[in-house]
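Below are two complexes that have chain A in common, paired first with chain B and then with chain C.
Entry: the complex of A and B
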């Protein structure tokens, strides 16, 4: 899951030269680090919902919850568990 | 009245936080009309300083033009000061109708509706025409007022990488299931000074059945051979569905904005756009001055030609001096410094040299992209700009950044 999300972020949010300069890993701050702006975050949310067949309510899609791939994975896992339950 | 101490303290702490981060904005008091040369009191209480103004949106130098001022005076005498009404009750005068007609003609559209500002136009237009079955696809660097307008609208929104046509195409393909697709872009991006590739955007719009929205606030009056805007520059006049623009920059610089475009879109704005319905009509002197500005611009292209020449001279001068600037064809010329503190220090030193510029940094621009945004005006002349260049060189040399590329500046000062 981690690699898939990192790959999406790289393609969706970074220009080619930025992709080379940016050390992107699961703990890189995305929103507070200025890689993803909170307004453009919506496509990442839709990607996760589509990929994992989940629905993330808007109030859970906060800049904090989307700030690192680690926190995004935690959010996705919570919704996957809910779906499985 | 209740102003609880806890609330007061919380807001004081927020303000202290803004100051600590170094992003507290302070106003500088100008004791002269807006112009290329201004008298500034800064910091507050200090003696007035004569400075060359390189940060106004006064691109055509019309903010204090005698003919524009005279037109406003005349309207003040003949039509009064304010309307005390929204447009649709008793706030529409002949000057409003004339200005809307003249803007339609100038921009090459079907119809135009005035707003109190372009911020209002952008805040109102999307909600007036789009619903949940539609999608708005915007460039990631569009102006904050467009972001606000998008947020107020129930249509889905998506974004594409700045001026990246392959990414835009991908998004248009993704959203083919929507009723209406609107591609949203600035004409000239205000922080970078680059132009949206509008010919390609229009072509993609036509291929994927999408409307094109253009905010041409930093272009109307001077971009394109006769100053009609970025659509003229790229030869796509008449093919833009929605143009929003302002009278608050090149076009006299007071206030007022508009939505100009397809007849039905403008008509829907008159019926539904909340900033139009619930705020006052543009004051008569401002509307009349706007008409005068359009007359001046339609008579000849002298002012935009001078602006273009000034911008060319300035860009070349900065490059030759060894600064890193953003490429572009506009009179917005960002001097890239990458580091926020460096941008502030350079701006402060330039002020002491008699050059008024401002440093911009995150969150106004992307992290690590701090800069000084310089803006040219037809009010500038070459000797004035040559003097300003000397000051830039002096300060640039002090910080040892002349001749350094992006990497070099970041190595020296951090990002």
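Entry: the complex of A and C
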């Protein structure tokens, strides 16, 4: 899951030069680091919902929840667990 | 002492601003000098001008003497190495780095015109603005160089790309690209270009319903209004630490993130990091911010986390708070009072007005949800849309209108004089927003008079979005409207009819969203796409956005006699 999300962020939110200059890992700050802004978060949320067949309520799609890939994975896992329950 | 608006009307005139800035009618005047060198000349060179915090937490500080020397460095470089001449357009395409703030004044010292560009703009948004302005140089950073390089192929007038953060181990720069490291270039002297109050200074592009974005041209004399409104409305005083959260890619970030506060010699904080409530409160606490100018969208995002995070911080230094960008809803004003013990003072203005025109003033009783009253040095009213006649009747909706001239009003739309003259009616400048006025003279916002989308305080033109959508291979027809949103006021919603062979679905929706985001900007990206069989149009092919908007809001569609129903 981690690699898939990192790959998506690299391809969609960083351009070529930027991707080479940015050390992107699961703890890189995405929102507070200016890589993904609050508007672009919507397309990232849509990607996660589609990829993992979950629905993330808007009030859970906060800048904090989307700030690192680690926090995004935690959010996705919570919803996957809910779905499985 | 009771608030006396009429007394302020008598006391506060544009001449006060001119006098306090030491202006002599007809003498040379330069924004760069007034915001930097003047303070050094008055013995305040050691005062802090800028406290800059990067997203990784590093803090850099600059005094007014630093500003003077570094703006001289920029100006020498631009004139001597890039051959920038007076009235050339020079773009700034940077995140909120010190180079952006200092470079802004450096460009003005050369007599060239600054064209700020929001750093999240995509390639097409850059091209539309730079092609129109015929900019000859752009100052950027490695992070955005890829977009600039792609745009350059379509910009025949662009001669030089200046990169502020080239490292020895970075990939090589290409022909026409030049490195500039601001901190290595301090100069004590520079012969400032002979600019005057009416000399062009800043070119800010703004969106309308139709056509490409329009460049609102401002002049050096705008500082009289930005100085006075910063002093009277934002109430910035000598010992204040001021924080304007706006990005200088937009007009608030230049008028009140550079010109106004530095004309006053104020110390200001810049946080170059994405939004996070914790980080924002930490900034106020850590840097002891006393005056804060922010936006309704940000306030509503802070509201989501409640008042507890505010109470955990020591923000007792905060004494005045203002808001701009879109109407501030009463709930947000009340929440601000509950959380901080202070009112958010809503202010209204736009790219074209260059400075605050309708506002809540310090000491004035706040009516939550109202835009306030006209800035005392100018005359504003609401007028009949067809005749431009002022409306005397209390509570009746009309168009917000300002009596020209005032120092910071745009002088023209670049390359578009006809549209500029179209902004005036019966001797009034028409803002394009609807409001009513109550019996105490407070203005109450009712909505836009056109199809422009106000998302998080930024205007986005539907035509630009529709044009970008049509470039996607799957899209046959498109329309864009502003959909009401509890946080951003409006977000972009697109209606798309597909070409044969394409199937509507989440994959395609995501692809189209990202396509528009990369071409234009995240603000322009549709947050929702509805696939339709066809887009409603008139028989002459004009998109009927009002029909789509009425359907979206569940309102009556109105007259559709001109609709093409084939």
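Throughout what follows, the second predicted complex is superposed on the first by the 85 of 85 C-alpha atoms of A that agree within 3 Å, B and C clash if a C-alpha of one lies under 4 Å from a C-alpha of the other, contacts with A are read in each partner's own complex, and residues count from 1 in each chain.
One rule holds in what follows: a residue touches a chain if its C-beta (ideal position, glycine included) is under 8 Å from a C-beta of that chain, and two chains touch if they have at least 3 such contacts.
Owing to the predicted nature of the structure, the values given are computational and were not obtained by experimental measurement.
J.: After lining up the shared chain so the two structures overlap, which partner does A:67 touch, if you call chain B first and chain C second: first, second, both or neither?
T.: second
J.: With both structures superposed, pick whichever of chain B and chain C touches the larger number of chain A residues.
T.: C
J.: Which partner does A:3 reach: the first (chain B), the second (chain C), both, or neither?
T.: Neither partner.
J.: In the superposed arrangement, does A:34 touch chain B (first), chain C (second), both or neither?
T.: both
J.: Could you look at A:15 and tell me whether it touches chain B, chain C, both or neither (first, second, both, neither)?
T.: both
J.: In the overlay, answer first, second, both or neither for which of chain B and chain C A:23 touches.
T.: Neither partner.
J.: Which chain A residues contact chain B in one complex and chain C in the other?
T.: Dual-contact residues (chain A): 15, 33-34, 37, 39-40, 42-43.
J.: Once bound in the complex, which stretches of chain A touch chain B?
T.: It is residues 13, 15, 33-34, 37, 39-40, 42-43 of chain A that touch chain B.
J.: Would you mind writing out the residues of chain C in touch with chain A in their complex?
T.: Listed in rising order, the residues of chain C that touch chain A are 55, 95, 120, 142-147, 170-171, 272-279, 301, 304, 455-456, 506-507, 509-510, 513-514, 517, 522-523, 525, 527.
J.: Which residues of chain A touch chain C in their complex?
T.: 12, 15-18, 20-22, 29-34, 36-40, 42-43, 46-47, 49-50, 59, 62-64, 67
J.: Going by the contact rule set out above, which residues of chain B touch chain A in the complex?
T.: 140, 147, 150, 157-159, 161-162, 164, 362-363, 366-368
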